[in-house]
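These are the structures in question, set out in turn.
Presented sequentially are two complexes of subunit A, the first with subunit B as partner and the second with subunit C.
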Partner chain A sequence: MPQLTKRTSYYTLLLPAFIIYIAVIIFPIFMSFGLSFTEWKRFKMTGFIGLRNYSEILADAVFRRSMWNNIQIMLISVLGQIPLGILLAYLLHRKWVKGDKFFEFMIFLPITISSVVIALLWNRIFSPVGIYTTFVRMITGNPDYVVRIFESEKFAMIPILVVLLWQHTSLYMVIFLANLQRIPNSIFEAALLDGAKESTIIFKIVIPALSNVIFTSSVLAISGSLKSFDLVYAMTAGGPVNYTFVMALYLYLHTFTFHNYGKGSAVSIIIVLLSVGLISLVRGVYAKAQQRYE
Partner chain B sequence: MKKLAFTLILMALTISLVFAAGAKEQGKGDKVVLTAYMQIDPASDQYAGHNAVMEAFAAKYPNVQLNIEYASGEAFHQKFQSMAASKRVPDLFTCYGGARSAYVIDTGLALDLTPYLDESYKSHFASATWLPQGSAGVLYMIPPSFAVCHSIYANTALLDRLGLSFPETFEELVAQVPVIRAAGLYPVSMGNKDPWVVNSWLLGTFIERFGGPDWILKAAKGQASFTDEPFVKAVEIIQQMSQKGLFSPGVNQMSNTEADQEFYQQKSVYLIDAAWRTSAMDAQLPAEQRNAIDMRVFPRLPGEKFHDNSNATSSEGFGIAKAVEGDKAKLDAALAFVKFYSGEEGAAIRAEYGEVPSYNLDLSKFSLDIMQTKFINFSATYSMGYVFDAIMDGEGVNLLNTDLQAMMMGSGNPKSIAATYEAWVAKNDSNRD
Partner chain C sequence: MSNRTKNISTGWVATSYVLLIIFSLITILPVAWMIYSSFKPMGEIMLHPLRLPTQPSWDNYRKAFKYGNVVVSFLNSLFYSGISTFSTIFLALAAAFALSKFSYKGSRVYYGLFTLGLLITVNSVITPLFIMETTVGIYNTRLGVLLPYVAFGLPMSILLATSYVHGIPDALIEAAVIDGASYLQIFFRIILMVSTPVLATMAILNFLGNWNEFLMVFTLTSGENMRSLPVAINSFAGRLNEDYGLQFAALVIGTLPMFVLYLVAHESVIKGFGEGALKE
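Showing the complex of A and B:
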């Protein structure tokens, strides 16, 4: 009887969270899945069209470019922000720089600022009438100078990637710094006494100790990268042409501007599938890494 | 004892709630309450005239209470689309006459105002006010004014300094480029970071120059093709403007605001922009500079058949929810509001704040700002054609705008752009249904 009461209590306590989860996560996903097979015209569903939305999206060069841009954002997040976050956290933790509190604050600052403000700030600097452009025109005497990378089909994403790296590294740094402080100092001291190099300490002590956090951060980075929207929208709105389009922007355009809810839903399902697939991949890598360290 | 106290407290609370509710009803009196959702930023200087109209309406109709929610830009449309999807729209709302508000006017949620507007009221407005709206071609709102989308502003002080005058032809404009550049200035400022700009402010005007006033409508309906000469030639002019260095460097990275600032700071001789920029000029520029600004249409193009045109579309007004039709008091109040806002009283107030209303007023009685007067003269001088992106479907226009921007950056050519666009329109555009 006490067992039954305990189980009932568990389920009762779980129920509100479960209902909310079903309502705001699972239901919309299933709803989108259903809608992704429909065609819409003039705000009305005109019928089921099977996989046509998916085939059109995958055949669309703009979507493929958007997906590639999202992959670039994901790569800069997982292979840029996280390693740099670990490195900065380690530097601050080992107190290799004077005024560590000041640097901690300065590095953390970008993540506290709204992405829209950051986008405007960078635009003010690098736009054709921005401070940097004006300065270069002045010192070079070239009145036609503009930052051409923004117009490059191949490299237009680079300024966005740099801003994302600058903005989000700080968040990971703080997460890693908090977790580094949980590693007893005696471990670092013992390693140094044994003559371990800093690289050995990082790869043999720090990274294994932070593996859980690195995994969690990777999941956050992947899911965040795939739904990138605010900074890109405010900085370039996907342009020029569609060189900086991302999947969320493509979804937004088709759903809210062209009112093609079927196509928009299909994009959202593709994002969910990509997200789940990539996170599963990271989980697999993490499991292998854990086995190796154990 | 505890039970008794609990019961007494509960009774007291219940009674107070009942009385409170009663008092609220009594306080309301016979006020008609309308909910409203407006795409307006009341804190912005641009809407000072709107705020004044709202105050005047409240003073004249104290029995009508408007509970207004304001939103601006895309945020307005996003929320309104959600409301429309759930069929729960407010009693009054900002409404466009075309595709921008299709989610509310083409879905049966907006009231057709035609039966409620008699000829004596309509006769006071410019005739273009009453052009059909939406796919049903009826009236969902009374346009308070018109959005003129093409104008070229010239800084005549700079032109005089350079020994130039406003060019009569495109060739003359191109010939001015080396002179202007030699003086360390840019010829034309235009912010095409958002690629709709080149479409709204140039393409429609150019197409009509080559094809005549109704060519856009014919092509939209499939009676002409976008691969025909008028469209291709119009795109060619835009390509030539880019190739011949008319625009400031980085035109496709430059926002509207940045282009305006470049012109305001007298770094460029011409500005291509919409005519509504006059109100910002009146607010931001000294009188001497405004006096030196000439407001014209684009110079004549080689081979053009139609001359001296700009293009315009009716500006957004206020629509009434179809559901209001069943409540006479609410319907009367809502109609009073839309008629007041666009009618004589509202128009007079808005004119004082720099707007040129669709209601025919004797504007000589008003003390108008410098650029506002120039805008009135501009509207009276040039004929107004169709705004291309107000006619065609948004998805195709987006495709076209992107191709135009790519062409301005050196990729693509007018004929291939025309072919791609015609193929899209033939397959998808609702005008060809």
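Showing the complex of A and C:
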């Protein structure tokens, strides 16, 4: 075999990955952007319509509801999963409990289950023959109780949010636990010797030490929240009515049911812009917080 | 003073137990309920939802295998996740070697582009991807699923692999160069061999992610024989299915393979997610 030059070896190693990546991820992003200004009828592109797809989407009450539902998912992720994840990680890290490995094993288990299975399982739990319903019947003594509250406009998102909290908190727990183990134990011991309270340790030592990880986790949580599809699709498919619609579902509807690729692409672009905006916002908050600690 | 610290600790110990037990129970109870219900006939589930099966039977599983195309979708899932995981980690490690040990100026740009991919979700490209695959003729083919699986696995894998390969001593590579080894030989004989820990992490993260992936298989394939397990389960045991026993059996089938993997390798899985998902 003739020896490749250094430069040729470099590209032989790099390009296979790079070409697949560009073809499947970067190129389609630009194509999405272009498509978002086009009109489609019966599987055919019929013309360039400027920003009309965007104005139609933003004027659509279903889309606005979807966006609000995505924001709720984001809030439960950033303000629910992450703080709970920190708390659980800290409790496990301090080794106050026996069998911490068992707890870790059990709490992390949902991460290995597919969202479709989780969605269908929790639907059963809230169904008339589910654990939750049976439990409420036993407590209240009302044998005919069925869960109706989640059919209302106001509370329809609650089951989805609860399941998301259950499904992903453990991911952050495990991430924070791995990073807590990098903080030298002597720091905790010194603080305890000085008579510091546990809450002081959490707020003055743990959170500042983890601030980088908290920031990256928030970024992941935001981009994850804006893409949620599987769980919502399998659990409610956006219903009842359209109370639990999310942006990805709206996108799916336009691209794959109506074959309106222009509108579908415009939704993609809105999701990307929203994601970039929210992440910059978190970056700003993070920079402010860091200034305060220094 | 020591007394005071001890008191504080007791409170925290109790809180820890309560919280951890609650969190464990809301995993154990639903999962146990799902498993034992799958051995109950429909009528018994309706009458006594929480009771253990009085006469456990495999009927629901027989039905699931008969109507649900379970074997084909299981093999599809194995194929999609296995091949894409293997390709992703191999390509990612090769790229990581190039990016971290060749000291070319362009490397920073390539690396930046790859890490940008961490923020791009399937939603943002699914419409063009569908059009592209239809045009090229790989819509509803296994290749049409594998390519996006590999591409979406690359950003995180390259991030992990680059930080690992970066830590391999340059002296090791320089010595091989002096001995007359080519760069590709160095990749296969040295880099690949010393990178097993990071390869394991990458393999776990990619395999689990692809095994549970739904949207791409759902939208980029249409034939029943192309489906992966999650898509098959959703279509034959989905929301509108009224045979609860069958549905539970389907859910158990969907959970079991990953559960076994987790049981055998939970330490590596937890480590993989903990250290893998967020390296600074």
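Annotations
Here, the second predicted complex is superposed on the first by the 253 of 294 C-alpha atoms of A that agree within 3 Å, B and C clash if a C-alpha of one lies under 4 Å from a C-alpha of the other, contacts with A are read in each partner's own complex, and residues count from 1 in each chain.
Assume a residue touches a chain if its C-beta (ideal position, glycine included) is under 8 Å from a C-beta of that chain, and two chains touch if they have at least 3 such contacts.
Computed from a predicted structure; not experimentally measured.
Contacts of A:Ile279 after superposition on the shared chain: subunit C is touched, whereas subunit B is not.
Contacts of A:Phe256 after superposition on the shared chain: both subunit B and subunit C are touched. Contacts of A:His168 after superposition: neither subunit B nor subunit C is touched. In the superposition on chain A, the chain among subunit B and subunit C reaching more residues of subunit A is C. Of the two partner chains placed by the overlay, neither subunit B nor subunit C lies in contact with A:His93.
In the superposition on chain A, contact of A:Met235 is made with subunit C only, not with subunit B.
After overlaying the two complexes on the shared chain, residue contacts for A:Arg65 are found with neither subunit B nor subunit C.
Of the two partner chains, subunit B is the only one that A:Arg42 touches; subunit C does not reach it.
When the two complexes are superposed on chain A, the residues of subunit A that touch both subunit B and subunit C are 123, 129, 133, 237, 256. The touching residues of subunit C, counted against subunit A in their complex, run 1, 4-5, 8-9, 12-13, 15-17, 19-20, 23-24, 26-31, 33-34, 45-46, 49-50, 91-92, 94-95, 97-99, 102, 104, 110, 113-114, 117-132, 147-148, 150-152, 154-155, 158, 182-184, 187, 208, 211-212, 214-215, 219, 229-231, 233-234, 237-239, 244, 247-248, 251, 254-255, 258-259, 261-262, 266, 269-271, 273-275, 277-278, 280.
Partner subunit C is touched in their complex by these residues of subunit A: 1, 3-4, 6, 9-14, 16-18, 20-21, 23-29, 31-32, 35, 87-88, 91-92, 94, 96-97, 102-117, 120-125, 129-131, 133-134, 166, 169-171, 174-175, 177-179, 192, 195, 197-198, 212-213, 216-217, 219-220, 223-224, 226-227, 229-230, 233-237, 247-248, 251-252, 255-256, 261, 264-265, 267-269, 271-272, 275-276, 279. Across the complex, subunit B meets subunit A through its residues 74, 77-78, 81, 84-85, 102-103, 106-107, 135, 181, 184, 186, 193-195, 248-255, 258, 261-262, 394-395, 398, 402, 405-406, 409, 411, 430. Residues of subunit A that touch subunit B in their complex: 41-44, 123, 127-129, 133, 143-147, 150-151, 153, 237, 239-242, 253-254, 256-260.
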